[in-house]
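Notes follow once the structure below has been shown.
As written, the chain order gives the labels A, B, C and D, with residue 1 at the start of each chain.
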Amino acid sequence: MTDAAGTNPAWALLAPVVLGLLALAAAALNGILVARAEGRTLRSGAAAPVFEVARLMRQRRRTTVAADVLLWRIGCSGLVVVALLKTAVIPVGPWVLADIPVAIVWFNAMDVMVWAVVWLIGWGANSAYSLIGGYRFLAQAVSYELPLMFALVTPAVAAHSLRVSDVIAAQQELWFIVWMPVAFVVFCLSVVAFSSWGPFATAASGDIAGGILTEVSGVDRLLILAGRYALLTTGAAFAVALFLGGGAGPLLPDWLWTLVKTLLLLAAFVVVRHRLPEVRPDRLAEVAWMIVLPVVLLQTLIVSIVVAVRG
Amino acid sequence: MTLQLVLIAAAALFCVGLYGALSQQVVVMVMMGLELMLNGVILAAAAFWWFLAPTPDGQVLLLVVIAAMTVEMAMGFAVATLLHRSRGSDMTDSATDLSG
Amino acid sequence: MLSTIVFSVLAVIALASGIAVFRVDSMARATYALAVSFVAVGALLLMFDLDYIGVITILMMVMEMAIMAIYMIMFMGMNPALMPMSMVHNKRWSAILAVGTFLLLAGGALLVPWPARSGSPATDLTASLGEAIMGSKMLVMLTVSPILFATIVAALVLANPRGRYDRWGDDLQRARPDDPQQGGLGK
Amino acid sequence: MSAAAVNAIGVTSLWLLVGLPALGGIALCITGQRANRMAVPVSLGTAGVTVVSAFVVAFSRPAVEVPFLAGAPFGLAVDGLSAMIVPTVAVVTLAVLVFSAAEGTEAPARFHGLMLIFAAAVAVTATATTLPALLFAWEIMGAMSYALIGFRWREDFRVTAGLTAFITTRTGDLGLYIAAGAALAGGAGLGLANLAAAPSPWRDLIAAGILMAAFGKAAQLPFSFWLSRAMEGPSPVSALLHSAAMVAMGGYLLLRLAPLLEITGWAGPTAAWVGAVTALLLGAVAVAQRDLKQLLAASTAAQLGFVVLAAGIGSVAGGTAHLIAHASTKALLFLAAGAWLSALGTKQLSALRGAAHRWPLVGVTFAVGALSLAGVVPLSLWATKDEVLAGALEASPLLYVVGLAAAALSAAYAGKALVMVWRRPLSNARDEYDTEQPGTRHVGGWERIPLVVLAAGAALSGVLALPPVGNWLRGELGAQSDARPGLLELAGSAVLALLVLGLVAWKRMPQLSWAENWLGLEQATRVLVVTPVLSLSERLACFDDAVLDRGIHAVAREVVRGTRGLARFDDRGLDAAVTATARAGVRAASVAGAADTSGVDAAVEAAARTARLLGSAARRPQTGRLHQYYAQITVVLAVAVVLLLVVR
């Protein structure tokens, strides 16, 4: 099942570290933006994530009455696990953990896991606001999932393969972002949405006292926050592989290009949070089903026709 | 791993689901039992495919089973919602309109 | 040997979580136990090299169970984690029938002289599945798709409490629909 | 440019030519009222592109073929003949659309949509290389003509007119189906070029079918009358359908299949004579008309008679040139008539007296068209008609004489219309206006442009029949050996035309009352076809009432009478015996009753009780409880499996 060509034992250890560093970089950028908005020094903002990690590691867990602890714990640790499982199929230059032939479906299955995980976080605490957060996420997920699926299918159609390395190879001549911009935008928005981030962070928004984050504390909270950044990171990296030509680029080696592009996209995702207002899931549903879904279907159709005509 | 072993596992899954479908009173729980039965069917179909005739056609059966599950789910939820709205309850015992 | 061990572990997980569905008190736990059972079966499918079908099974079923959980909570209207419940009937006969069926099926599995394996799997099973769907088995998919469409329509008709006359007025002339929850487009 | 690139451009243009108007038209028709504002730009843009692609395909001569039916592909190609026809039709279409856009119509989206679909159908007809493609387009053409003639459907008589046209041409179209069936049966293939190669009996059937279809579409005798009714449609529709496109397609089909007609031996002369007689008789009909559009319609049928005559004698070059020249001439005349109709609200010749003075440009262009129609030197129809007649002279002198007479008649009716519109208007002219619709008293600038363009075509396209260009046309059509008109004939016909014109201008036209009603063709059809069918069915109904029904009644009456007799007999003889018997019967019955109560009745009741018990037992499984149903299913399936194993 696993393609031996790209597998490297060292990478298995290195990949989580790289994921962690990128997530930390995203968190630092977010800290900087928050600090600038609040008028604090940028350095204090950049360091904020590190302090937050230290604080949360030491914090004692808060408990609630009749919490479903088993499911709560599964939910809290789930986001990071899902992000790591996604990392498994993302190639960085010559290295990839598992270049499986159905990697794109795998990625999709993993972001469906996020549905379950986020809802479990909301459910576990036995708290009304948490549960509302969980429901909000599912409502939002029903809106973004189908456009996301077709956005994922589009590069696969163009590459004749569900394997990520084939998709990268198919972009030798032309990056897919050029002729499937709609799919790219929809994919990026979906990444932001399944990471509960920026305009799509209603599941954890302030109007319900933090939603799914209301009752979590300590290591649980750390894992959730880290998981969100990790999901953003894997999403950006996957977008680089699917639409931005993977490691293609002049002068620098493949892996470095991949990282550079991932960082740039990730920075864009982080910045989006500070630029756009939140979208209510009930409003999103109609837009997603009546505008975005037909548009992205049209994109897939156009790509399919081009592929069919080119033979 | 032999065909018999997999089939026994599939049969066990099927029968657990059957037990659930027979014994549960709540429509949604009955649906879970049905899902579990279909789960066993998927496993058995995959085993037959792999051990007896691994042709491309066999995979289509699996897709059909998955499609059947989604249809079952959608119709089940719709009926359960209707039942709940009109009767305020989703017990199968209260929906005996078809009794002879 | 290794495959037998992996298979046994996964089969036991699938079975145990399947049993757990009807044993646990919490609706959420029951639903997610079923999801675990499906994920285990999906993983078993991966053992038969059915990459695509396996991953799709996991994807579909986790999604279904996430939705299923909502319905469970919605219809039960309580947190069963606080109050254990038993909503069963006919337990004894159900068990007898289930065990009987199991014995029948298991007996069949062991006693039937299964034929030898004929043919070998294609090198790229996903591609061969696609060719089967678009080729010799196209009729199957052509049948499935209208069924799915009819299901969508029928399920909406059954479950939707408000028809278009509720939304657009008796003469369907209302400029904006009267919805309890306004959509993003005002349609 | 490489040959491959030229070919690619050609194929693309061919698809554009056929597909673009079809798509545009369908889109307009589907969108309906909402597209009204978009209709004119879309329609004119589409027609413009169509004109460009028509010229491109005329030069690049592409051919395409896609699978359609088993063994009968959908083939389109442009050869010498269609290279002449397609640009003509495209240009006339554009001109007509410009005119009608300027004139304005109700429901422009529907009008332009139907026109565009019609144009696409004509393009397919003109380029079709196989019978299925031809049939397909032929049917669409017929349907669109029905929809366009009945365009103002709120008025019943227009819809009936559309129906008449549709049903009449459909009757002819049956011929095409016969031809297709015969071609399939003959086994020579469904390609138009292969038809001549079909074996003998089938070949004749094909030719007969083709003749029937072409006569129907080209309004030849005996089908001509539908064209008269078709004049109920809007004038632009007449200008396109009944000059350049639909009726012309009938002639075009015969020109295309001229080899087939020739090879059968009888079909060619038949076509020639039908064409010549149509030209003569419908010419007389045209002379008799008092309504300008009716006059033009009859003249269309007559002029197409020349084309059919040309096809019948194998003079393809002459026929083609005549078809093209007639298309622009007649479209021009119809548009001018339409302009007057919408401006003055009448198309009666007497009311149009002096109309030319009011709008001199319209009058002058009308004069160009009418003079061309009359065959005046050097306008177009003069030369083209003579080329056809030269072929006729070669075939048979009698045919030539009939043709020449028809030509003289065309000069007569053209002169009649021309003289009338250029006379001094009467002082009370106003009284006769607005009899048919309220007039606008206005002819717009944009309406004049198509008139000028078409007038140029009507004046100049005669070169197609004269030596330098004519030779090139013959080369393109592969008709080098066709007869050429001698100088004497050209001059003679020109003089004849002038003489007749002069006569018409000098003397009043005799009123040919026998021809005024289109030779009574429609009535004849009613009498000979419609009425017999209706009366036959009435007769059958009467037969049913009179014979079958009455028979049954009579039998019933007899039976009643017989019964009465029997009753009498019964009262007197049998009754006594019966009474005696009854007494014995009662005695026997009481014995039997006892046996019945204790024996039979008890048995029946026992059976009923058992059935009731079984019934309630059968209802018991129907508990309405889901889980119990599941359990039953499980048990039954298990039993079935075990049975299967055991029995096997």
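FYI, a contact is a pair of C-beta atoms (placed from the backbone, for glycine too) under 8 Å apart; a residue touches a chain by one contact, two chains touch by 3 or more.
All values reported here derive from a predicted model rather than from experimental measurement.
Chain pairs B-D and C-D differ in how many C-beta pairs are in contact, and the one with more is B-D. Centre-to-centre spacing of chain A and chain D amounts to 64 Å, using the average Cα coordinate of each chain. Distance between chain centres (mean CA atoms), chain A to chain B: 33 Å.
Computed centre separation for the pair chain C/chain D is 58 angstrom, with centres defined by C-alpha atoms. Contacts with at least two other chains are made by residues 18, 22-24, 93 of chain B. Looking at chain A, one finds that none of its residues touch two or more other chains. Residue positions of chain D touching 2 or more other chains: 627, 631, 634. Chain contacts here follow an irregular pattern that is not a line, a ring, a star or a complete set. By the document's touch criterion, interfaces exist between A-C, B-C, B-D, C-D.
Chain D contributes residues 627-628, 631, 634-635, 638, 641-642, 645 to its touches with chain C in the complex.
Contact residues of chain C toward chain D in the complex are 89-90, 93-94, 97, 100-101, 104, 108. Across the complex, chain B is touched by residues 3-4, 7, 11, 14-15, 18-19, 21-22, 30-31, 34, 37-38, 41, 44-45, 47-50, 52-53, 56-57, 60-61, 64, 67-68, 71-72, 75-76, 87-91, 93-95, 97-99, 101-102, 105-106, 109-110, 114-115, 117-122, 125, 128-129, 131-133, 136-137, 140-141, 144, 147-148, 151-152, 154-156, 158-159, 161 of chain C. Every residue of chain A that touches chain C in the complex is listed here, in rising order: 1, 66, 68, 70-71, 100-102, 105-106, 108-109, 112-113, 115-116, 119-120, 123, 126, 135, 138, 141, 145, 162, 282-287, 290-291.
Interface of chain B with chain C (complex): residues 1, 3-9, 11-20, 22-29, 31-33, 35-36, 39, 42-43, 46-47, 49-57, 59-60, 62-64, 66-67, 69-71, 73-75, 77-82, 84-85, 90-91, 93.
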